[in-house]
Structure formats: C-alpha cells, structure tokens
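Right after this note come the structures.
One chain, subunit A, appears in both complexes that follow, with subunit B as partner in the first and subunit C in the second.
After this line comes the complex of A and B, so read on.
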C-alpha cells in the first residue's frame, strides 16, 4: 500500500495516500484492482480508508485496531455469546431472596454453576467484563464510523462533475451513443425526477438521495446514544429498581429516598373473576380455580419533615392518597411505585380457645398478636390466660426453661400458657402441631382455633432517568436504518463533448435505477443503458 | 482534516471511552450499601431504649467510647456473650458505654430473654424496630460488635461471638 500522497496520472490532482479512485476525475489509481472490485471501490467512493494508511503512536495503533470491521464483529459476537450463556442458568435476581448466591449455584448446578458464578454470569449485565465489552463496542463503532464516514463525506462533498473516460466505462450502467440534438431536454427530464443537476462545461452530474450514504453513520450515532444511556444506569441516582414490602396497616420508608418519603398500606385488595360472571374467561376459569381481575393497594403517601438522624421517629406529613393498581403506578418526583405482587405467607396472629376437662369451651376465644404479643388474656370471669413464654420459631427448651427460637420469623410459634382460675394455675406448652402439659394433671387445655396471616403488598419502586437517552438513541437508530435502507443514492454522469457518454451508479437497487434511466432515455428517443451484469455472465446475475 | 486534528480526535475519543468504562466499572463495583468498616465515621443514630429513654450516639461519644452490640434473642452466640458483657460492664464503665442494639424484635421477646438470665443487664438495650440503624450500618451476621471512639470513628469490628478478652479489647480500643 502506498504511504505517499498520490498524484493522478490523468489530471494531476494530488490524492491522500491509500486513495483508490482519483478524487478529482475518478481515474483508477491502483490498477491492480480488477473489475470485480468496482463495488468495493465505490462503497467509500474510492477514497482512502484512513486507518489503512499510517500507524504511529500507541493511540494510532489502538485506533486502527478498533476501526477493523472484523474486530467490531468479533466484539458483537462476544456480547451475543455472553448474553446467550447468561440464559443457561437463572440470573441472580431470579434465585430465592436471601440465599447466598455462591452456595446456590454450586449446590444446584454443580461445578458448572460454580464457574458460572465465579465468572460473573449470574449478574451478566453488570459484570465488569460485560461492561468493558460494551465500552469496546462503542469505541469500535465510533472509530470505524469516523474512519470511514469522514473520507466518504469529504469525497461526496467535493466530488467533481467531470470524470475520466475510464470512470465511465467502469460503471455498471453505461451508455455510449450518438449525441442527440437537444441534451437539455434530457437533463430536464432527469431534473423532473428530482435529480440535482451540476454542470461543468459539457459535463453533467445528476445526483439524488445522497443522505442514504450516511444511513449507517446516523444509525451508529443512535447506537452510541443508546450505549451511553445504558451506561448512565450504573451512575448513582440515575436508576432505581427496589422492592418495597408493606404489611396492611403498616408504614414503610421508601428506599433510596434518604428517609424522605414514607408509604402506608391502608388496604390491599385482590379481586377475582366470578365464575358465573361471563363467557370471556370461561375456559381459563375452568382450567384454573381462580383468575385475578385486580390487584390494588390503597396507599397514603407521606413526606418526612424531620429527615435528620437515623433511627429517630419520622415527622410524617400526609401528602396524598392513591390506589395503586397494575399498570397504574403512583408517581412522585422521578419515581413510580408499581403494584408488583403480594405476600400472605407471614403469620400475623393466632387464635385459641380454652377447654375445660369435659371438653367445653370456657369463655371467649383469645387472639395472640405474634408481632407484639400481649401478656395476659381475660377469657371469662375469674379465668385468665397468661402468656409466660413465646418463641416465634420454636427450636428447643433451654436449660433455664426458656423457649429458644431458631429465627425471629413466626414460622413455628410455640407458647407457654398459664391458665389461672383464681384457685390454682396450670402451665402448658403449645406448638402448632401438639400441646404438652407442663404441670401435672391439667384440667384445662388450650386449643388452636385459627391463624391469620399478614396481607403484605409487594410494590416496586422505580426511577429511570436514562429513558430519554435510550428513547432518543432508538429513534435515531431507526431513522438511520430507514435512511440507509429505503433511500437510494443515485448518481448519473453525462458527458456531451463527443458522443453522449452516460454512466450511472447507485448504492442499492440497480434494477429500479435502470428502469428510471431507461424511461427518461426512451422519452428522449435514446437507446437503453447497458447493464454490465446483464451483458456479462447472466448466471451470476444477482440483482 | 489535518494530521494534528486527527490525532487530537483519536486520543480524546480513546481516553474518553477508557475513562467512561473505568467510571462505570467503578460505580458498578462500589454500588450497594457498603458495610461500615474500621476507620469509617460511625453513622449517628437516635433510638429508644427498653427503659423508654432516648439515646443518641453522638451524645454518648462526646464523653465516652461506645461499644455497639447488634443482637437478637434468637441468636445463640448473642445470648451467650450477653452475660459476659454484663460482667465486664458492672465492674465499672466510667470511660465507655455499651449499647446493645436489638434488631427488630418486640419487647416481649427481649424481656422474656432477660428474665431468663441470672442477672439483669445493666447496659442500655436500644430498640431498632424498623432496622433503620442495622441497615445504615449494613450489619450482616449477628452478633456484630463495633467500637466507636470519642471522635466518632469506628475503631474495631467483630462479626462473631465475643470472648471475655474480646470485650476488654473492644473497651480499650474505644477509649484510647
């Protein structure tokens, strides 16, 4: 490859190193290129692809490395393969909450799972190497676009009207015919087809749809904005996706708001379709027992006026009330609060009744609130039940007689109840599944009646300030795609100093262009253009 | 485009993208609430104790070193270290204070636990019912013990059961 500037043998124009077609007259500079390569030559209008010319500093070397289409495709391939591998085992946000991911992947998927975890595939989209790959893709897109786009822009922008004879002959669509008396009507006819006409002596350049050539670069700009937007997601404060779990009747602080906002779950509603209601869901209803028609959380939204010290009780001011339903989030500031799911797995309270030795119920039932149990219950006149001990998740009885809990979560509640009827007191240990007398020969027994669960609404708190970037990126990307795909860059060169020489080039759809030209030529009484592909090997005709 | 402009363009694009990748990876690796470590400033908090008094960390550290012990009645090592801490504490605590921060349990559970002990606990038990302090310190396993000196700096942290020696080590670190 030539590294010196090139002087055109035909017109004397000095071209940058690496140029294939003279920028001035279109004469072929490197005659090694045979005719099969005409298409390649014309892709960047014969101008030098920059990176193929010189390499000096380390930055130049990096730059040239990333301008390579092969490298770009390899990066895209690597991203695609990584994304595919990321679907083999579940991502971390799909594994059960509170489980140690290191153990989870090892236990469930063996050595492969361990590898998966250690290489960061469990959190693919935020693993450092995936971020780096995307960054390199951005560099590759920018470098390759600048490297090709700028020379293309220059050569299209300063193209000359007058072209060398050989340039005419090399174009796929070519006509050499006797000059008609009136060439201006021919030019006018093209002009009516919305060709822009440039004239230089007896030479004409007719051009339209040049924007098509910039389609890929518009497209790439969109991609870069898109990548930039997805990068911003990692910046603090730009993106929030948090789960908020609120029991009915309770108030919770909204995460990431610095203790500024609180939400109270007034009521959670779950409506189902009535089986008798209509025909629309009949089939679904007969397959499943229950089809849900509405999830709804009625909330009160509070602002905290004393967001000072951690742990201090907030000073809540009621701001708003709202009913959050699926697809009807509550919006405040940049945040949205969505209905996500519900949870009724946590025990809230247990109700018991007292039986005497004959099996008759004594007095009223009593209910123990598991979150904050009372110590004593007056069930009838003179008869009281005292809760002497409570263990939310019963494990064992300690040496000193206290109940030991395995966790603070009420999964397997156990109680020691004392029944006092004024004369004597009896003790018994009650678990969900069995009860044991502690004192001998108890008269009373306590029976489990029912349990109530917490109805917790699970909401998702979302904030995404990157949406404008991502939306803009996509729109520009699509505009670029449209420009590159549906607009054709068509150029016709005409020379009228001897015979009528006509050559035409388009970046796509030669068939359409040929028809357009022939229509004009025919109406001016001229013969149709020659298509080299038609004249040559018809078996290989691809258009 | 002249060679110089081209070089400036190339270098600035490569450097910008390199920096952006670096920043993003850094944000990514440091995201999530970071656990309080030795050398960090201790997050100030105000909690109500089992006795109904309000205590604030920054007020305590004005005069004394403070040992924060995050615990729960259901956690075996917590139960076991409590009497030891109490023994050391009752020998004198003029220059330090122990605050046992109970993580989100109700008073019944705490009182039940204390009533099962041989001696009453002398140090204050702070109730972190909403787990806001536990979250602010990003406490992992229980028990976790943190020593804060008079400057309000975390000087020692341990995420397992304290021995008698550990307790005296925490006291001396917090009062230095």
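After this line comes the complex of A and C, so read on.
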C-alpha cells in the first residue's frame, strides 16, 4: 500500500493515505480493503485507520498486533477459558482454613486435583499469567480505540453535506425518484423526527444520534479505568481485609486502625424460622428442617482517645451502637464491618465436683475459667482443690512432666489438680473424657459436671479504596454500552437538483430506519426506499 | 390465606402452560394461512398466558413476602416467563409469525424443567434478605429472555440455511441440537412418570466425602452407585433397614454424585433410544422434518433479530448480571467480586457476548456464523443457570 496522500478525482480534496472514501464528497478513492471483514465501509466512514495503513516499522507492527480485532478477541477468549478452568475445582480460598492445599486437592480430587494444584490453578485469578492476560487486554483496548476512534471522530466532525453520486448509490437504502414540487415539507417532516438538518445548495444532510458512534470508545474508556482501579489494590493502604474474632461480652481492638477503634460484642444472636414465620412456610419447615433467619451481632463502637499516646492504656469513648446483620454492615470512615460467621468451638469455663471414695459429693462444685484460671478453689471446710498445671489445648506431657499446649485457645483443656484436705494431697490429671491418677491410691476423684462455650462472632473488617475507581469505570462502561446499543446513528443525504436522490445510512437497525423513512416518504406522496439487502434476496430467488 | 394464594398462583402458571400448548395450533396454521385470523388468535392466547404468568409472579410474591426468584423452581420459571416477554417484544416490533412457533416451545420446555425442582415456598436465608434479590434477578432474567431471542432467531436461520441432508458438520451439529432437545424432553417425561406417577423409589445408604451417612433416593433403577452403598428401606422416623434393590454393580467414589450421574445416564440412554425411534418413524433427520416450517423465514430479518436481541440484551445483562450483582455482593459478602463459580460463569457469558459483538462488527460474522454464536450463547446461559447450581458447590447453590 502506498503511503501517499490521495487526491479525490471528483472534488479535489486531499485525503490522508489509506482513506477509502473521500472525506469530503464520499467518492470511492481506494478500494483496497478486505471486503470479507469490512461488510460496511461506512463503519469508520471510509476513513484512514492507522493499523490498516502503515506496516513498515517495528512500532507499526506492534501497533497492528494490539489493534487487531483477531488478537483482541483471542485475548478475551483466553481470559474466558482460563476463568472457566478456575471453576473446575474450588479455588484455594474456598477450601477449609488451615488445611494444607497440596494434601487437600490430592485427597479430594485425586490425580487431577494434584495436577490442578501443581499447575497453580488453585490460585488462578491472582496468578501472574492471568494478570498478564488482563494487561494485554487493556493494551489492546487502548490501541484499538485510538486507532479507530480518532479517524472516526475526525471524519464525523468534518463531514460535508454534498456527496458524490457513487456515494448515494453505495448506501444500502437508496431512492432515485421524480422530484416533488415541494421538497421543504419533506425536510420538515424529517426534522420533526428530530433529525438535524444541514443544507448546502440543493444538498441536504439529515443526522441524528451521532453519540451512538462514540459508545464503544466511551465504554472502552470505562474498562481502562476499571482495569487500572483493580491494579490499585496492590498498593499498600488501599485495601484491608481482616477477620475480627470477638467473644460475647468482650472488647477487641480493630486491626489496622492503629489502636484507634475498639468494638465490643454485646450479644451474638442466631435465629431460626419458627411457626411465626407464617403458615405458607409450614411445609418447608416441617420435618424439623432448620432454616436460619438471622445472624446478628450487637456491637458498641468505641474510639480510643489515647491512641496517639504511646504505651498508654486505652481510653475508650463510646461512639455508637449498631446491630450488624448479613446485608447490613456497620460503616465507619473508610471501613465496614460485616457479619461473616460465628464460632462456638472455644470453651469458656468448665465446672467440676469433688467426690470421695464412697461416691459422695464433697462440698460445692467449682468452676474453672479457662481463659484466666484461678489457682485454688475452696470446695469445703478444709478441703481445697489447687490447680498445679493447665494446658488450654492439650497436646502431650513432656519429659519433665509439664503439660504442652498446641495452641493458646481453650479447645481441648487438660489440668493437673491437687486435692488437699489438710492430711494428705493427691494429684490427678484431667482431660476431656479421661482422668488419670498421678499419686497412688487416691481417695478423692474429680468429676466433670458441665462446660460453657464462648459464643464468638466472626466479623470481617473491610476497607477498599479501589471501589470508587472500579465503580466509576464500570458506570462509564455501562453508559457507553447503552449509548452505543440503544441509540442509532442515522444519516440521510438528499439531493434535489434534477431528480430527488436520497440515500440513508445507520450504524444498526436498518429495519427501524427504513420504517421511519418510508413513513415520511409516504406522507409526502413518495415511493418507498429500495433496500439493497432485499433486492439481493429477490435476485437470488430468481436464480 | 397466604397458602391459598400460593396454590392459586401455581394454578395460573399451569393454565398458562396449557394455553401456550393450545396456542401452538393457531400459530402453526397462521404461517401458511393467508388470513390474519389464526395469527390474531395465537397472539391473543400468548398475551393472556403472559398475563397469567405475571399474575402467578405477583401472587406468589404477596404470599411469601419476597420476590419469587429465590430457588431453582422460581428462577427457571422466571426465565421461562421472560422468554415469553422477549417473544412478545420481538413479535410486536418485527411482526414475524414464524418466531413464536420456535420461541414458545423453548419457554414451555423450561417451565416443565423448572417444575422438576421443589416447588415449596421457602423462607429466605439471611444472605438473600435484601431488596437486591428482586432487582438483581429480575434484570438478569430479563436480559436472558431477550438474549434467548437471538438463539431462537439463530435456530430458525440455520434450519433454513443449512441443507438438511447435507453430509457436513454444520448439519450434524444442528441435528445434535435437536437430539439434545429430545433428550431434555425424555428426561422430563421419565422423571414425571417414574417419580410422580409410578412412585419408583430405591433408597441407598452411603458415606459421603466427609464420611457422613447419607441416604440417596433413586427414582430410576441404579446403574451407577456410591462406593459401599447399601440398599435400604425406610422404616419410619430416621430408621432404615437393609433391603433388596436392583443395582448394576458399578460403584464410583463419593467425589462424583452418582445419583445425579445415574439420572444423566438414563436420560441419555432413553433420549438416544427415543431419538432413534423418531428417526425410524420419520425416515429422515429431525431438521429435515422441521425445515418446511422454517422455509418461510426471511433470513435477513432473522439475522437482524439475532443481532438486535444481543445489543438490547447484552447491556441489560452487564447492568443486572455484573453491576447490580457486584453491588449486592459488596453488601452481603463484603466483596464486590470474588470469583465464585456463578460469578465466574456470568463473567464468561459476558465475555462471550463481547466476542460475539466484536466478531460481528469487525470481522464480518453475519448470517450463519452469527446464528451459531447466538446458539452457543444460549447454551452458556443454560449452563450457568442450571449446571453451575447443580454441579458446583458455591455461594449460589440454593436449590
């Protein structure tokens, strides 16, 4: 392809290299384009698209690569296929917490699961190659939009009213008929249909809905903002996602707030539907089926007035009270607190009683607070139980006889109790469902009575400063999408020297445009427009 | 009172189904008839049917206090209603008679399939208690209804454009689509017959992945079963005793839901047999039998409808299926996007229609190519609507 400016033989206008239709009169000046791909030459108004014009330098070649629709579509398909692969097995964040993923995938999904894990598909959406694909998509969108958008914008902005004969004949909707006595009523009828009218001598250009042509470029801009916004998450301080575990009745500092905010869990409620839900639900709730109706944490929200003073104890000021429920998070500053789940696996306290050799209870029961156990319990006059060792989450007894705890969380407590009645002292080890005497021939035994669990609410603390970018990007995308899809760009060219020549173009919905034009033509006593597509069919039928 | 409303609403839905079935007759006559009368009768019946369906929707909403879009039955029914809605819009804009002959059966098939699921009125779990439930699901199903029209147009286009006895892949694929529809019909018929009419039920006791004891209720003879499954019989309350049931002897690990697989295998087997019988009776391909009906179609108009449905439906899908969905996910689950399987497949559907539009606008994919893409798009929608909820456990598994 030659890189020379093209002078229109008909009107003398000088067009940039690669132009197909003269940008002034619409005469075909260059028919060197791929007719299979470009069904409608008017898509970019026959203007010169850079990627279709220049192919010499390396930059040209890179440009052609990224502006290619084939490449763009391939990238989109690759992202879609990758996304689909990610749903074959659950992603890592959906598997139970604290489980070794290598084992989990092998155990649950066999060899395929192992392969899935080895290839890194268990973290597919945050993998480097998935991000690279999205980056390539962004480049493709930017390049393609600039490549086609700018020539289209120039072409539409500079368009002339007067068009070449061949331009008329090339349009899909075309009419060549005897000129009516009064053409102004025809033009008026179109302007009533909200067409903007431009006139040059005997030539008219009627146009509406040009904005529709810019829809794709608006929505691409939105997508670029969105993709940019989603990258912002990698910057520190933009994104916080923390689990806050608060036992009922306790107050916890909110992480990442630098000790500024505290939350107290006043009460956690879990409600299920009962008969009062309404008789319509009777059938669904029969057979003792439990359906949860509400998860709720009543919180008191505090601000710490001494947060700035290093080493000082918190000085909490009550700010707010709120009931956090699913779908009703608590908002403060840039943060939100969500009801995530609950945890009743932690024990709060255990109650025991002391039994003598005859099986009679001695004195009162005693209760051990598992988070902060007392050292000694006076059970009866002169009889006391002393705690000699305690392990909240019992693992084993080590060599020197102390109890080893797996975690500091009271899930599986074990105790060494000493019973002293003034005469002798006996030692015994107590675990859940088990008790072992340490000293010989014990008279007393300690029996488990009951345990109380902590009801902890699990809240999610969230801060996401990328949301405004992503939301703005998507809203712009939607505006562009609706603009491009729901508005039609319609243009009608009319020439009234000699016969009445009329040609019409729209970027889509010829069906609707034909109806609109024919309505106007009919009311002016003119025949209907010819649709080349219909004529083509008729010819085929004849064959 | 509210329970009565529910049963009235179900009756209305049933009446609509019957009405559509009857409307097929005047619809078929209208295509070859010169008079306008059959077409008018048919469209009047469809409009009445649609009003009945909308009434079902409103009454059920009033009765249960939340929009009836919260489980598989309600969701698929909503989709079927929206397909009728999409058809009515298409009909009144393009005035094509032929279209209903293909759009109505698609909707009826979905209605029948939806009724396979539990039709009980259920209270909402906390995550669903939000006005976004109605907003999100109604916009998504509206988009689905409109996007489905492109598949219907595509189907008609291909039936006319593809020579029925051609020895080519395109003809075989189109015939495979027909065989698929036969299989779905056979599945629905067998399920209704075995479960509701005959009442066939074999219970098996097995251990699931977590090692918990579970009971699988087989409504079709067991061809595949869970590893270590024991045939049992219900003996009141939560007690089961060992019994004798038919079983082929094939057992699979608990990773695979053998019960669902059993139904799938039966559907395919019976579907294939029924398809074979149909072929024997017809002595030609199904597409050859349907061809005379599609011959009056205007190919350019079908292509136009196919494209228009996508550009009208796609933005609504982006709004309801991505944007509203993201807002709600942020409120309910604390993140606007989390690559949950359902979200991911909505994203894939979105990407697919993006590809559709780019290929059509910039690479000349019009006519037949565009028609195939429209059908693939519809299959993606069905996959996300049904398969994902049933096969993959995620946050959207409400059925």
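We adopt the following convention: the second predicted complex is superposed on the first by the 436 of 543 C-alpha atoms of A that agree within 3 Å, B and C clash if a C-alpha of one lies under 4 Å from a C-alpha of the other, contacts with A are read in each partner's own complex, and residues count from 1 in each chain.
Keep this in mind: a contact is a pair of C-beta atoms (placed from the backbone, for glycine too) under 8 Å apart; a residue touches a chain by one contact, two chains touch by 3 or more.
Predicted model only: the values in this text are computed from it and were never measured.
Enquirer: For A:234, using the defined touch cut-off, is the partner it touches subunit B, subunit C, both, or neither? Pick first, second, both or neither.
Expert: Touch status of A:234: first partner only.
Enquirer: Of the partners subunit B and subunit C, which touch A:470 in the superposed model: first, second, both, neither?
Expert: second
Enquirer: Under the stated touch criterion, name the partner, subunit B or subunit C, that contacts more residues in subunit A.
Expert: C
Enquirer: Quick one: classify A:462 as touching subunit B (first), subunit C (second), both or neither.
Expert: A:462: touches subunit C, not subunit B.
Enquirer: Where on subunit A do subunit B and subunit C both make contact?
Expert: Touching subunit B and subunit C on subunit A: no residues.
Enquirer: Flag every residue of subunit B that touches subunit A in the complex, lowest number first.
Expert: It is residues 1, 6-7, 9-11, 13-14, 17-18, 20-21, 23-25, 27-29, 31, 43-47, 56, 72-74, 76, 103-109, 112-113, 115-116, 128, 130, 132-133, 136 of subunit B that touch subunit A.
Enquirer: Given the complex with subunit A, which residues does subunit C contribute to the contact?
Expert: 2-3, 6, 63-65, 94, 120-123, 125-127, 129-130, 209, 253, 255, 298-301, 304, 307-308, 311-312, 314-315, 318-319, 322-323, 326, 330-336, 339, 341, 344-345, 347-348, 351-352, 354-355, 358-359, 361-364, 366, 388, 392-394
Enquirer: For the complex, give me every residue of subunit A touching subunit C.
Expert: The touching residues are 36-39, 43, 69-70, 72-73, 76-77, 79-80, 83-84, 86-87, 90-91, 94, 108-110, 125, 241, 273, 277-285, 291-295, 325-327, 329, 336, 338, 340, 460, 462, 464, 467, 470, 474-475, 477-478, 481-482, 485-486, 508-511, 533-534, 537.
Enquirer: Can you tell me which positions in subunit A touch subunit B when the two form their complex?
Expert: For subunit A paired with subunit B, touching residues are 50, 57, 59-60, 62-63, 126, 128, 131-132, 135-136, 138-139, 142-143, 146, 150, 231, 234-236, 253, 259, 309-312, 371-373, 375, 387, 389-390, 392-393, 398, 400-408.
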